[in-house]
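Next up: some structures, all given as structure tokens.
Across the two complexes that follow, chain A remains constant while its partner is chain B and subsequently chain C.
Right after this comes the complex of A and B.
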């Protein structure tokens, strides 16, 4: 299936920050960190008291909030608010120590382990798993015992324990990235291993590393507080949140719950902020999440088609004047399809040909009521077997798709569920749509497999998709599409992913089935050879429009649109001997910025001023074929005419 | 006779099955079995075959990305089968590659400037900066791209543009051999022809030799002076590209050629008929469990008894190359001639067409 042409106008960095600032939870987390960082760097700036100054008169102990002490005082009369502010420094120092050890130890080990693979990798991971399974607090205590009882030694222990998380993460990413072609390419260029790891793989690791670090930072603070609470972390006089909790819990039964609130609140908010930040970064980095997908699209009324549908029993599917639009950036609209019309009768094969982004797959998705959001049909109508299905509800569509319209996809393996036996998957539509019993559906599934000439069908029913070769899996795909004897079969590049010797088998099979059942077939492909073999009629698409529709014979014998002609010329088969292949210069214009005139004009060698100025209509020519070209009647594009090169 | 510029002799690549803690390791997958061919300067050798034929493994073995089990690779009179660390940089300068997928063969985190510039820095020591950028711009110009692409990231370029950046990166070190592994397969036809033209122009300019690997026979024929056809790790036929296409000496080559759909409805109708006369529904054997005899035997329309038990040795063919098929030495004893006529009469006779 062809992906829409990507045109990322915004740099990923700007997109990242835009998404971060649009996420209220992320804004809260970032705001909280600004406060914490100020508390860490200049605590004097916002603290109201000296965190160590005690009330020597022992008058103002265990106070609740007041104008002088905003968050009250502790058992020595020290100001809670100022101690919480100063506590931020302890928290950040803890994170800094533990995190630098965790990352500094974990990332290199993970990179090395993943890169080397094999036995080295297994040995390292075994040791790592042993450390991973040890309780973090226990490990930290061990280090405290070996070194000296201080927050620093405790955090060294936590860092070592946390490094196991980074080993795992880094190794997993390295294992995956090292299979990427760009790593092969770097090796072929002669780049050293060290540089491949540091300059090629590590940057790809960064996003997941940052997310993991944010979440682990929250955990480090909690563990630090736990250790201080247990008395193996910070000094008992220090304004550390854990120590404060420890002191408060000793007295809260006598002096009220308030003593616990200030340090607990600081802890909870900080940990929460770290987790929110991690989540927000992950969401903001998501490559697929489009900004548009989140914006609500107003459902507009579909304008009716301007030309009437051809009536009669001999039309299975009829599309008239279909426009599909996608909301773009800054309120612009991308018109992906413009005025697409087609019809197909029983037993007929209609070939739809065009390059990536021409709209051929989109046409079929929209005809099936599957226009991908946020796109929508803004004009036109679709009739299936004489019934208007333009505005059909999804529940209604489900009764048609898979039953009356079968679909064959490009990647057969991707369509099959790897965890379910093939027989069960073929039987499912039979049970849903035709209400067959389990046994009857299974028998029918075996018949279908035999029909698509899968050898030994009864045994194959109980196999899983991975036991099928590409060609055999595509036969299963066809069997599933045919299960309910559909009137229309839509095949989207059914043979493209297959080997050339298997491709023919699949086309033969489709032709065979068609002959038996008079199925209408819409065959979407970029391969003119496949069209020549299988199609009765051809629809040539360019830039979201139909540019020519004619009988297969006519399109090949005397194409009338310069694009059809150019497409034929660029195929290596059409080119005899040496010399350069003809090319179509330039690129397809962007869907958000179509030219006012003919969409092919900028690449067409026959284009004149008028072609650039006004959009040609799809008009009927002498032969009865439809062509969208102002100069079609005067041009002779018979064999041998070259294209712009 | 002088030594060819580049030669692969009797190449074998086996992938060991991963050993289990208990029990014996599974049989190795024999991905490449005794492949030999040579390429002269400024010439192109096309290697064609279907998925699983081992054609990409040949490329990866030459590039030292997988271990060679047996055989030798010679470049300019030097044995480069197993290049040590010391010689690696010199080896990498001589053999470059353009890989298949334009989306994953460029690192998403680097701009064109770095992608191509890194190769220059590595091999010529030019530090990043104005001088290196000038060199990158010249290379971009060679592949028909303007200087504005210097600071583009891969995701800001189309498939054809990315593939041209890959070509520029390969050309950056003036190699003697470029291996193009399915370099045009992921592209639209009109873009594919642009990239093919860029490759051909580069060859004319720099006298580079090409190993062009493709599953698309038409592209392979257009690119190649010579062609080799692989099936399940064996090079079953090798010879002058045009003559092999005119008169293939191996039934598998004939089957491949008749399977390509041609953009001409009348010709295609005739081809379809011929294609259907083959033993179509049989599945190729698994590379982990190759038969004793010829691996094509179960799909071959003209297989004989001897094919079941003995893998044929290479014999000279009419197109100046070699073919591995018993038809040339037993049965009809075609002695290297084209098999087209023989298959048409035999196979059609069998199915009664």
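Right after this comes the complex of A and C.
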């Protein structure tokens, strides 16, 4: 009876509110609004005095808090507390006026502009940007002088000014949604524009609109208070927070700073509550991934490898039993890599293959001490050229990275800094690791570019990454990785993003460098064609584990693991051209819930009950190769490439 | 780069024109409500007075004619005279009032941008760390507080209680440099605190994004040191969105300085505009709007030029 209980399905609405109530800042904001709304709807319920009643005897002016006047009194002996309570109504009225104008004006204009596009859109947006760039206080003042000073005219001005924010937002969402296929489809089938806007665009607009409205409400109150403070907003006797601050301003130097505190606190807390509410709604809707991905993780002690590990200097890189874990939700841990081991000697090329999500790139990053936070290595050991680097300090690692180990990444343009000249970036490792002068490093960078066959290297040095094609950028990547003549080159899908002719050139280039310098190369790819061409040995990874390691010849000639077999079947070369190219059905299971048995079992055509029940170990097979399959010895997976039955 | 700047300068011309149109429309709207001549003649205006003033100010002419005439005057530096006092040239009035305002806004931006950037970087280095959380809480509070409230608290603390600085007044730069600096310090800090918080928040989040980028990972894989990763690799890219935010904040600071000036008894543009609104003195308000519009255009230009420096793609296109 250990069958996992399925988590009850939660509606998005309930999830939203659950998240809101779990966020203490959101709870504070919502609590504050409850008080404000009561103060607005029924101020007499909680106010203790009439906000206008003055102390005619002029005995109790400028008081500090007391049992009778909880927040003291002002220069006419009026009760601060009751005035602040009544001020909530002015704040909400301000928001209502300004917000209905801002939304009522901004959303339709934004929808129209985004939907029409083209010249209309450009014209509207240009005018909008003129208003957008002018100070809101100034625009509000212009309206106030036309309509005569009052809180209403000030808020009409603020509303007009704020509408520019909604125009921008609505237009951006409309433009994005218009490009969506389902909107296109709806348009072709002749659904009316009005219906498309209300059925398709509006639902996508609403969340952003609500977030924006919360934050703009705070801004409206802030600007409204500023205008009232200046005396061009609410009437100078009203219990408006801005007006109260205007009155306090004249007297606080003589009568004490307390005079500012009650209205200031009410104003600041209200603006704060709106800002917190906006942030909380955004978080609860799961928009805008938070910045936590960079957050620091506490280092844990790394458990040693299961068998004592020591690698001599003749082995370039040796990894034994490496586990990498990521903290998941609710204290659970996802094991991204489990017991990964590999070894590579000088001049050797080790191919690492597997689908995306198999842990190839994570293995590479962890070998460099670059496990992305909050993940960390929890078990295993790593030796580089005879040196134990398992627990190496960051400063020590810096001396190895770029000098002893070079890395070529998958997206050649994305890994170049867009703001720095290419020459400067190539020169960087030379200056850091070899201590070259600026001039020497530049000359060497030009040589390196020539070595990787970039035409006109001197001119190219002074260009920026966006002036490079993908192929040329990858040559730059290779030049950078090889700048300090590393002992190990890790190439993560070096040719995947490039077109076929360039792919071959890049691989040839790497082979050439290897021959000259006896560089060890770890070649990570999902493309078995690349492996067949370039690798001496192959490591097949699946679900964060090594499932087979053998010589390239062996893997292609007689794969031992059903997953290797399946990968070979998906190669275009292994296909006779008739019918469809086979794919591996199903998906890699997610790291948060690995199955208890073999991780490939659910997609394996040979799996039996035992495969689903217990995890196979990586065992040495008759040929000396390592295979992680319970049935490896009994299965005959047939011949490899080209002889598929 | 020169070509890029020339292009941006050219693009500023229609923006200025648009601001002029908006400004001119204020007087059209006021007049539609019959306010201008009535304001000049005062309460109990006689029809004769109204007729004379209307003819004098040419309020009867068709709107395009008036706009052309007004624009011609403005272009030659003539912003008209105050509606309430014929002897006061609006341009002379603004020439006097603009310096305190520019001093405070300029100094506040200097403080806000530099300190905001430093704190933004400090927070981005260890997101979720103690420094980050501390700065974030304070920044959230400061963003919610308008400059004039901060100003009153500063005035009370540093001028009234501690007596380090004068609570009110402005000393022109021409009179004494230290006096000028002292007189603008508190108002500038008051206006700078929200700026600082806004810059800090934006830079923190764009730095965090830049530090997560592939090019920073690749630079780490080349052995680049932490200070260089932050300062040379991440910062220039993170500054691009931050500069945009600084531009918006600079424009709104010009509007919000009005209230701060009032707190510190500085007779700048703020007091001039408020008096103009209460007296419905439209020529003064229009003059003020035009000059502030001009400042905003200059700020936008500065922002565009910084984009050019930060982003080679922008600089090299066009």
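Here is the rule we go by: the second predicted complex is superposed on the first by the 438 of 645 C-alpha atoms of A that agree within 3 Å, B and C clash if a C-alpha of one lies under 4 Å from a C-alpha of the other, contacts with A are read in each partner's own complex, and residues count from 1 in each chain.
Basically, contacts are C-beta pairs under 8 Å (C-beta built on N, C-alpha and C of every residue); 3 or more make two chains touch, one makes a residue touch a chain.
Everything numeric in this text was worked out from a predicted model, so none of it was measured.
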Field: First (chain B), second (chain C), both or neither touched by A:624
entry: neither
Touched partner set for A:148, first chain B, second chain C, both or neither: second
Message: For A:435 in the superposed arrangement: first (chain B), second (chain C), both or neither?
response: neither
- request: Give one of first, second, both or neither to describe whether A:414 is in contact with chain B, with chain C, with both, or with none.
  value: second
Message: On the A-aligned overlay, A:553 touches which partner chain: chain B = first, chain C = second, or both, or neither?
response: first
Message: Looking at A:67, would you say it contacts chain B, chain C, both, or neither? Reply first, second, both or neither.
response: neither
Query: Following superposition on chain A, which residues of chain A contact chain B and also contact chain C?
result: none
Task: Could you please specify the touching residues of chain A with respect to chain B in the complex?
output: 5-6, 8, 180-182, 184-191, 200, 203-204, 355-356, 453, 455, 469-472, 499-505, 507-508, 526-533, 552-553, 556, 566-568, 570-575, 580-584, 587
Interface residues, chain C side, partner chain A - complex: 14-15, 18-19, 22-23, 26, 29-30, 33, 35, 124, 126-129, 140-141, 143-146, 148-149, 152-153, 155-156, 159-160, 167, 204-205, 208-209, 211-226, 232-233, 236-237, 251-252, 254-256, 258-259, 262-263, 270, 273-274, 276-278, 280, 282, 285, 289, 292-293, 296, 300, 310-313, 316
- prompt: Can you list the chain B residues touching chain A in their complex?
  reply: 50-51, 60, 63, 65, 88-89, 92-93, 95-97, 99-101, 104-110, 118-119, 122-123, 155-156, 158, 166, 169, 173, 188-194, 196-197, 200-201, 215-219, 221-222, 255-256, 259-265, 267-269, 271-272, 275-276, 280-281, 283
- prompt: For chain A, which residues are in contact with chain C within the complex?
  reply: 126-127, 130-131, 133-138, 141-142, 144-146, 148-149, 218, 222, 225-226, 229-232, 245, 248-249, 252-253, 257, 260, 264, 267-269, 271-272, 275-276, 291-296, 368, 370, 394, 398-403, 407, 409, 411, 414-420, 428-429, 432-433, 464, 466-467, 477, 480
